Every structure is written in structure tokens, then in C-alpha cells.
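There are structures below to look over.
Next come two complexes, and both contain chain A; in the first it sits with chain B, in the second with chain C.
So, the complex of A and B:
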């Protein structure tokens, strides 16, 4: 009995000493550093409150006379309200890395007056631009002809879309652009059944991570 | 009951209690000693003492810090950005909740207070690994490299100029390979007492960079066009080791 206990105790002592020695020699002073995770770009696009998908019907375009209601008028007189406006929201998910966005937008219709407004980041104090007449007059300041005014407007729109592709958007942020459209009656090629005209516009969004640059094609 | 029986019984009780005590002490010692993350990184080698503070650069833009000045850039409020956040006694890896992407940089700093001994400091990185790597996939760690951005001494509460290229300091910039067991030298031979004062503060700034040009190759040896195959992987940088030697040898 005594011999058995001695053997057991001896074994236990050896195990204990070995364990402590092992733990001691494997003890390293160190600290934990960092974990970095790469996720996919996750962005949801909204047109007003609707998720922007493949095709959306835009209804409510109004005819105006650009020369009379913009160039020769100092008051809105319904011009602002006649604009068909949409807030394009670029909503970056919390799980997404930083991103950049490029927007391609082309119109082949001379009577379609398009205004892009860079509304910036969305926050609780967000208020979109609604005084389009003043905004347009600032853009066309110094333009003596309709062609020059429309050229200034075209350059402004190009500038807005070009500046967007250089802006880094953080995860969780919402960036807003406003798209406003009118139809210029004076620019119609034919006025036959003009109220039944339909227009197809293509709006393309490209996204890359925030530290990359878009390659101009 | 004879005297012999009583002796045997007493012996059995003593042996039994000894065994229980041994097991208890061993178990307790094991858990205390192996719980490495409960310790602070205070290195005591050859009676040389130093204490450290660890900081990460809060930077929601992931550009890193190209002009590090720790003493002037410590975060004050929780919501502050573009500042160094003190991480007290870190017990777990800092988990960036924001996803990372190629081209981004993450900056850190270690402030080490030397307690007046003549010695040289080495910092190394270890246990670098990648999580969620697909079968036959490229590990995200191979697209990351580290670099020392600045080494400075603080004397009379004034941070001096960058000393990283001054001998005998050797600093390293290299990519992480695919081996979890590799120890990566970060900076070696940093003198801990450049002045006579009893306490010297050294600040070592370093970055982790996600290189967008490292795409890797697929199993057929064909280079990937981008780094999309690294999505959902995590880079784990688990350990930083601090060693202090009394000499350069």
C-alpha cells in the first residue's frame, strides 16, 4: 500500500514539475496587435426613397421656355416647381471599405434641360437646393446667348460628375446629388404630339475602393 | 487498531493531501503563467527595465499618419479623428470595425520609457496570419508590408527629430510571408539612453500598408488582375515583442 502511494506521489510530482517548467519556459511577454479585414464594396443607390434598380419610369416632366423663364426672368413664377427633381443617394454600407464613385450620364435630347447639383454628405440638417432659377442664373452668369448659357450648364454638370469621382466616401455615409430636369419647348425639333414624347436616359454608377483612381477611357 | 496501522493511515492521509496540494498548485500555476494576455509588456532583461504605452492612429480615412507627433496628437475625446488613441493594457487584438481595402495605411506608435539603464531595444512582430483564406487561395498577409515611419526621443518634454536612419538603429520594411511562425524584425539596436538623464522616452512609429500592386497568382501561376480574391479575409497581427539588451551583441 505504502509503496503504491509512493509511486503515485512520485509520478504526480514529476508531472507537476514538468507542467510548471513547460509553462514557465513557454511564457513570453507579448501583446496583441491588430486585426484588419477586407470586405467587398457594399453600396445601395436610391432615387428619392426608391432603391435604384435597372429601369425606373420618370413621370412629370414639364415644358418650359428656357429663354423666357430662365434667361429673361428674374422670378421663378412656377419655374422652380416645374422642375422634375430627384435626389440620387449613394449609401455606403457600414461593412464596406472606403469607396469612390463615378457616374456616367448622357442625354441625346436637345430639349431636355438637365441640372446636376452636388448636395454633399447627408446629415440631420440636410436641405436640398430648391431655388433652381437662382442656381441656374449663377451658372449662366455672363452668358449672352442661349447656346452659351447651355454650354455653361453642360460644363457645370460635367464638373459636378467629375468631382464626385475624386471624393472618398466613408462606410456608413450617404452622399447626395440632385438631378433636376425640364423640357425646353423652344428646342423641340418637332412639336407634333410633343406631349407624348418619351425619353430614355442611362445612368451608370461605377464604384472602386477609396484609394484607387478611375482610369479615363 | 495497531500502531503500525495508525502510522500507515497517517502516511496515507499525508500523501493524499500532498498529492491534492500538488495538483492544485500546478493547475493554478498553469493558468496564471500561460495567461499571457493578462500581462503587460514590461521587459526585464538583465535588470534593465522599461515601460511602454501603445497607441493606434485613429484615422477614418485609412491614410495613416505621414507626420507623426505623438505628444501633440493624442486623442482627447472619444469621437476625435486623426489622433493617437491610447490603448491601455491591451488584452486582445484591436479589431478595426471598418473594412480595409488596397492602398490603405494604418499607423501605430509605441512610447517606451527607459528607466535609466544603458541598453538597446529591439522590436519584432510575430504570429502574423490570415483568416478566411479559401483553399489554394492567396493569403491577404502577403499583400501587406510594414515600415518604421519615425523614431524620436523626447527630452524635456520636447520630441526630437527622426532618428530612424541614425546608426546604430536598423529599421526594417518588408512584406509578410505566408508562414505564421516567422518572426519579423521591426526595429533593432535603438539606444535607450542617449542623454545622461535618468529617464528617456523613445517613440517608435510604424505602419501597416495594404499594397494594391501585390495581386498574387492563381494555382496555374497566372497573375490576378486585382485583389478581389482577398475579399473577406482578415489579417491578424497578434504579437509584438520587445527585447532589451545591454549591448549590441
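So, the complex of A and C:
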């Protein structure tokens, strides 16, 4: 029994070490001798140009009337600028292996209008979307009611976050998503002291090896 | 026997630890999770005005500031006085945490005082500026600041042409000197002209100016 356990223990140790190493062998260059490196996931998350810290306080949310300024309006006239926008950048280090990212983001506030835009890979010609009104109009095309429009927006956001899950990000790449927010005055449950309202949101980033798949929960 | 059992138990615990450890270690290397809490709120706007004569800023305790009526008192007729119109400079700094539209209004009151030397009697008269000069504020003796970009609208309001983005600052040089209004002085009387100036600065959320200011977007076209 003792011998058997010692042998198994030894085998386990060998298997554990080799499986970890195998998981992180990344092909680097084709030469007469193949160089292999073993690295762990190394990603830095940015909000605009600042590293995303555990807790962040942001100001600048503006109230709008979703129906009047989005559904019934053809011109932005301040609506686009009123959107509080941030670029969420997923910066994969040069030493990292291929990764996939899953982002979870839930809001419990009915008045908080959220728009996720998939901006793609960052390069020198990067230009983020700024015409949110046209973007929203495309999303809500065919929606006759505010509820239907907001449902389309919710599905759009879900689609953007779901599509990110399948994208393999290479070492050294930066993937960008844009998060835009407004407050819909008409959806406020109470307008008492509404200018003092604060909103807490949790952003969860889950990164895995690029060759793996996320298990749907 | 007991010793053998103890050894067996230790080996078994080590075995379990290695098993759990290897699974956890491998899993940990395959995953990275980060949770970030973001707190949002509306934000505020801060307006600061710097008033200076000959480059020397004044504060609310200055004799050239009427705290009760929130007026800047400027000598419009004597270029040598400390608070001479030609020495005046006003800069407004707006720091806003939300996207904003900005407009200003100058409320000017030119008051001529004629003091009769023989009796000491003083006559006061409010003067009107009827000329509109290039480089000056509309119907004013006050010169516009450098690189002045404000759009002249109705009701004496001047509009900043662009939307000020959230969490940004704008510095507007509103006034940079002015033209002296020469009063008459003779053996009978001495005239002095005082300009009482009030500046109104309004900051509104970028998409709310139509309702609050009662204008449409044509002023910015």
C-alpha cells in the first residue's frame, strides 16, 4: 500500500509538472531547434489611458430623455457628447500566451442606458465610434416602443460581450471595447435628489488560454 | 503498528495535497480573473473668475469689488488709476465633470459723475454706449480677450461655440483692457466715469441648453 501510494505520488508530481509546462509551451520561432517558452496569462486592463484599478470613481453621467433624444430625434445636438464614454482596453503582454476574454457586466438600474461598442483591435489608425445616436438608431431600427428599443439594445450589448469570448488575442495585441452611458430621466423611479444619485457597477474580466473555451454557466 | 499507521496517514495526506495542488495549480495557470467596481455619479461644474488690474489679481475684499452687488468697479476715465479700464483683464476658468454648453453675459453700467467744484454738488448720469467696435464686446468699451471665440447671440449673451467635454477645463480670456472714456474737467466741474461690471456665466448640460436657455441650435451653426 505504502509503495503504491509513493509511486502514485511520484506519478502525480510528474504529470502535474508536465501538464502545467505543456499548457504554457508557446511556439516562438521556427529554427533548426525549436525554442519553447512557458508563460502565464499577462494582461493589463485600461480604462482610457489609466490602468483599471479595483475600485474607480468616475463622474460625468448626464441625464437624457431616451424617447425624445434617441427615438424621436434625428440630430444629436449634445446627445452624443452627453454620453459618458470610456475605452476599455485589454492589453495582452508580449510574454503572454494567446488568450480569450469574457466580460461580465450587469446593471440593476433601469435608468442607466448602457451601450457597448466592439471597437476591435487597436492600431495606429484606431478611431473610436462617437456618433452614438446613429449607432443606437441602427440597433433600435424597427422598434416601435421604448421597451422594444431597450430590449434590442440589451441584446446588442449581450452580442458584443459574447463575441469577445470567442476572439483569440495574440501576445502584444490590444483589444478595445467602448462603454457609453447615459441616464434616462424618464426611467427614474424617483426624481428626489436625482442629481445626487450614484451608481455602482461591477466589471468582471475572465481570461483563459486562447486554445480553451469558456464553459457556459 | 501505530507508527506504521501514522506514516501511512502522512503519506496519504501528502498524496491528497499533491493531487489537489496539481489540479489547482494547473487550473490557476489557465485562468485569470479580475473584478473592478466602478462608481459613477453626475459630477459638478466649477467656475472661477480671475480679475486683475495691471496683472495684479484682486479678490473679494478688494475696494474694486462690491461684494453685496457682485460688481467689479472700474475707473473708465482715468488711465492712471489703479483700477483703470485699460489695466483690466478678466479670465474665466470652467472645470466641468459633465459635457456642457457655456454662455456668458457682461452687464455693464457706465456712470458719469460730475462734481461741481464751487458747490461740491454731484450729478450722476448713466451713459449709453452706442458704438459697436471691432475687437470690443458689443456696445462696450471693454476689449475682448486674446483668441476670442465666443459667438454673439441675442439678449447680450455670448456662446462658447463648442461643447465642453466631461472632465475637462476651459479657460476663457474674456477681457483684455479697454478704451478710456475721457471725462471733461474744467474750472467749473470734474467728471469721472465709473464702469460697474457684472459677469454672468452659465454652464448647462450639453443636451439641455435648448430647454434651459430657450434657444435652438442655430446659434452654434
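Quick note on the criterion: the second predicted complex is superposed on the first by the 185 of 217 C-alpha atoms of A that agree within 3 Å, B and C clash if a C-alpha of one lies under 4 Å from a C-alpha of the other, contacts with A are read in each partner's own complex, and residues count from 1 in each chain.
Here, contacts are C-beta pairs under 8 Å (C-beta built on N, C-alpha and C of every residue); 3 or more make two chains touch, one makes a residue touch a chain.
Keep in mind that what you see is a predicted model, and the values were worked out from it rather than measured.
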First, second, both or neither for A:108, with chain B first and chain C second: neither
Partner chain(s) touched by A:64 [first = chain B, second = chain C, both, neither]: second
Chain B versus chain C as contact partner of A:209, first or second or both or neither: both
A:8 touches, of chain B and chain C: first, second, both or neither? both
Contacts of A:171 with chain B and chain C, given as first, second, both or neither: first
Larger contact residue set on chain A - chain B or chain C: C
A:141 touches, of chain B and chain C: first, second, both or neither? neither
Chain B versus chain C as contact partner of A:197, first or second or both or neither: second
Partner chain(s) touched by A:40 [first = chain B, second = chain C, both, neither]: both
Interface residues of chain A shared between complexes with chain B and chain C: 1-2, 5-6, 8-9, 12-13, 15-16, 19-20, 23-24, 40, 209, 212
Touch list for chain B against partner chain A, complex: 8, 11-12, 15-16, 18-19, 22-23, 25-26, 29-30, 33-34, 36-37, 39-43, 54, 56, 60-62, 90-104, 106, 108, 125-126, 131, 140, 144, 208, 210, 212, 227-228, 230-242
Chain A contact footprint on chain C (complex, rising order): 7-8, 11-12, 14-15, 18-19, 21-23, 25-26, 29-44, 97-99, 101, 163, 165-167, 205-210, 217
Chain C-facing residues of chain A, complex: 1-2, 5-6, 8-9, 12-13, 15-16, 19-20, 23-24, 40-41, 43, 45, 52-64, 69, 75, 77-79, 81-84, 181, 183, 195-209, 212
Contact set on chain A toward chain B in their complex: 1-2, 5-6, 8-9, 12-13, 15-16, 19-20, 23-24, 26-40, 94-98, 168, 170-171, 209-212
